[in-house]
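One chain, chain A, appears in both complexes that follow, with chain B as partner in the first and chain C in the second.
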Partner chain A sequence: MERVPILKIGDILLVSIQVDMSDQTALQLQEDLAERIVATGCHGVIIDITALDIVDSFVGRMLSTIASISKVLDAETVVVGMRPAVAITLVELGLSLNGIRTALNVERGMELIAAAHADEHEELDDEPDAETASS
Partner chain B sequence: MALSAEESGRLAGLLTSHADRVMSRWVEVAAGSLRGRLSQAELRRQVEDLHRSMVGTAEHGPLHLDGEHAAELRAVLADLSRGRARQGFSATETATSIFALKDVLLEVMEADAGESTLRDYVAYSRLVDQMGLFTFETYVRTRESLIADQAEQLLELSTPVVKLWEGVVAVPLVGTLDSARAQVVMERLLQTLVDTSSPYAIIDITGVPAVDTQVAQHILKTVVAARLMGADCIISGIRPQIAQTIVALGIEFGDIATKASLADALRHVLRLTGVETARRQPRRDR
Partner chain C sequence: MITGVDVGQPQTQAIRSDEDVVRVRQLVRTVAVAVRLSLVDQTKLVTAASELARNTLVYGGGGSVEVNTVDNGLRRGVRIVFADSGPGIVDLDLALTDGYTTGGGLGLGLSGARRLVDEFDIWTAVGEGTRITVTKWSR
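Right, the complex of A and B next:
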């Protein structure tokens, strides 16, 4: 079975999906990602789907689930690099991937996460929190 | 419908023995219907080509326009008809150039009338009819492809995506927005977003004469698709009547930003991206 690699860049986990997603691969990715978020304490997850030609309702739901899981583990999920054709298909199918943030490319996705993280820090600025100090 | 071997042979003989007369008369009769819009030399060349390929085909055995060895004749006919279609001749003018052969054949055959002349003439006439119809079909096909090409060009012309600022692109929509155009606009816009990695797009509908539920649906779909890709869309150029129509139809734009003019939309985006614009102080000495 193919596994989707998860890369850690600073405070962000980068998942670049390069293979066709089967049910098994998707479930494995969910598990792996949840483990990695806990293990690394990252606050951002970027899922790069530039290479995906087809995003069906199953992959759409998987992305939603991953976003929800990450949310629970206090990590922001951004889906990046969706192709125009894929976006059009999803709209035609009526899937709007609610609750998922999107960006044009990995770079913009990282900016988005950084911005979201900065907001959080501002709110926490008054309290001398160990987590804030570390990053 | 094919000519028999003897008939073909006789036709070939007739065409070769009276070659000069046939061709000059053919050119004369055909030129009459074209009213001088095609040069004599050009017409002469076409008639010579036709004559040559007809003789060539007829000498080969039973002349049948759909037959294998009539390929050259078909090619010459198609060539002539395509040329005429492109030059703007009417279908009648094109077909008449072929039908002119009938008059010429009649004249030539009248001179040495034999017992089989009538039967031959009817057979030849049928062949010429077929050739004429073939020309007509090719003509129509050429015209149709011309129209299709033009429609495509029009579609391309009417949907430019322009870059307004670093990271801001705009689509000025002009004309009625039907499904086909909406699709092209959507694809073009989304592709440009990817190519330029612009996070903001402005859809300007100043040039759209009417917005009904379907047009609104198309625009909304484009906006949602752009959002899925991680870009934000602003709709601008909403004229007063259109605003009234939108409200009357109960179209909901939800949380999509709408602005009255392109300038407002650009200002909105610039503010979002944190670009400050300020008027320069006018110089005193002027």
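Right, the complex of A and C next:
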């Protein structure tokens, strides 16, 4: 069975799916990612599907599950690089990709994660002392 | 409803493992490209084939797929037949409903695949098996 590599770039885990995954490979990726999120303490996961020429209901469900798992583990997931033909097919198939954030490319995905992370910290540091200290 | 006649040699692939589901996707894509389906139609057909091949494996206990080029005098297309000798489908109407599943999936396989192709035909008999024939025509 093939395994999809997971790269760590700063505070983000990057998964670029380059193979036509069997269902087993997809399930393995789900497990590997959960472990890496906890092991690294990363706050963001980017899944690049530029190379995927189809996303069927199984892979769609895997993407939703990964988003939910990472949420529970305090990480934000962004799926990037979906091809137009894949998007059209997904909608017709009836898959809604619940809870998944998407971006057009890896760069925008990283911005999205940075913004989401900054928002959270702003909320946490929202005390008068912290505000004067930072200004 | 099935229209058009087969042209050329059918290509077959056994479905015994989820690696075979990957092979079915690759085989269907090769034929779809040869028939010159548009990129969106290729994507729809390969996605439908992936759903149906997985159903053959998970619900039918494995089986086989046959891919053929068809011609109706005006257009060419790809016809795929998925066959298994599994338990068959007890309530076909229910099985074709969005969101209905007995296998813990999303329940979009059969109903979603039907939306993605131009022709969809299903034969099933309890205790005998299931045979699904789909066709996608070039535009």
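Throughout what follows, the second predicted complex is superposed on the first by the 125 of 135 C-alpha atoms of A that agree within 3 Å, B and C clash if a C-alpha of one lies under 4 Å from a C-alpha of the other, contacts with A are read in each partner's own complex, and residues count from 1 in each chain.
The rule is simple: contacts are C-beta pairs under 8 Å (C-beta built on N, C-alpha and C of every residue); 3 or more make two chains touch, one makes a residue touch a chain.
Just so it is clear, the model here is predicted, and its values are computed rather than measured.
Superposition model on chain A: chain B and chain C are shown accommodated side by side without a clash. Of note, the Cα-centre angle with chain A at its vertex and chain B and chain C at its ends comes out at 50 degrees, rounded to the nearest 10. In the superposed pair of complexes, A:117 makes contact with neither chain B nor chain C.
Within the superposed three-chain model, A:108 lies in touch with chain B and out of touch with chain C [touch as defined at top].
By the touch criterion stated above, A:88 is placed in contact with chain B and with chain C alike.
Between chain B and chain C, the shortest distance over C-alpha atoms in the superposed arrangement works out to 8 Å. The interface of chain A with chain B overlaps its interface with chain C at residues 83-86, 88, 92. Put simply, chain A touches chain B in their complex at residues 78-80, 82-88, 90-92, 96-97, 101-105, 107-109.
Listed in rising order, the residues of chain A touching chain C in the complex are 20-24, 53-58, 60-61, 83-86, 88-89, 92-95. In the complex of the two chains, the chain B residues touching chain A come out as 186-187, 190-191, 193-194, 197-199, 221, 224-231. On chain C, the positions that touch chain A within their shared complex are 18-19, 21-22, 25-26, 29, 39-40, 42-44, 46-47, 50-51, 54, 98, 105-106, 108-109, 111-113, 115-116.
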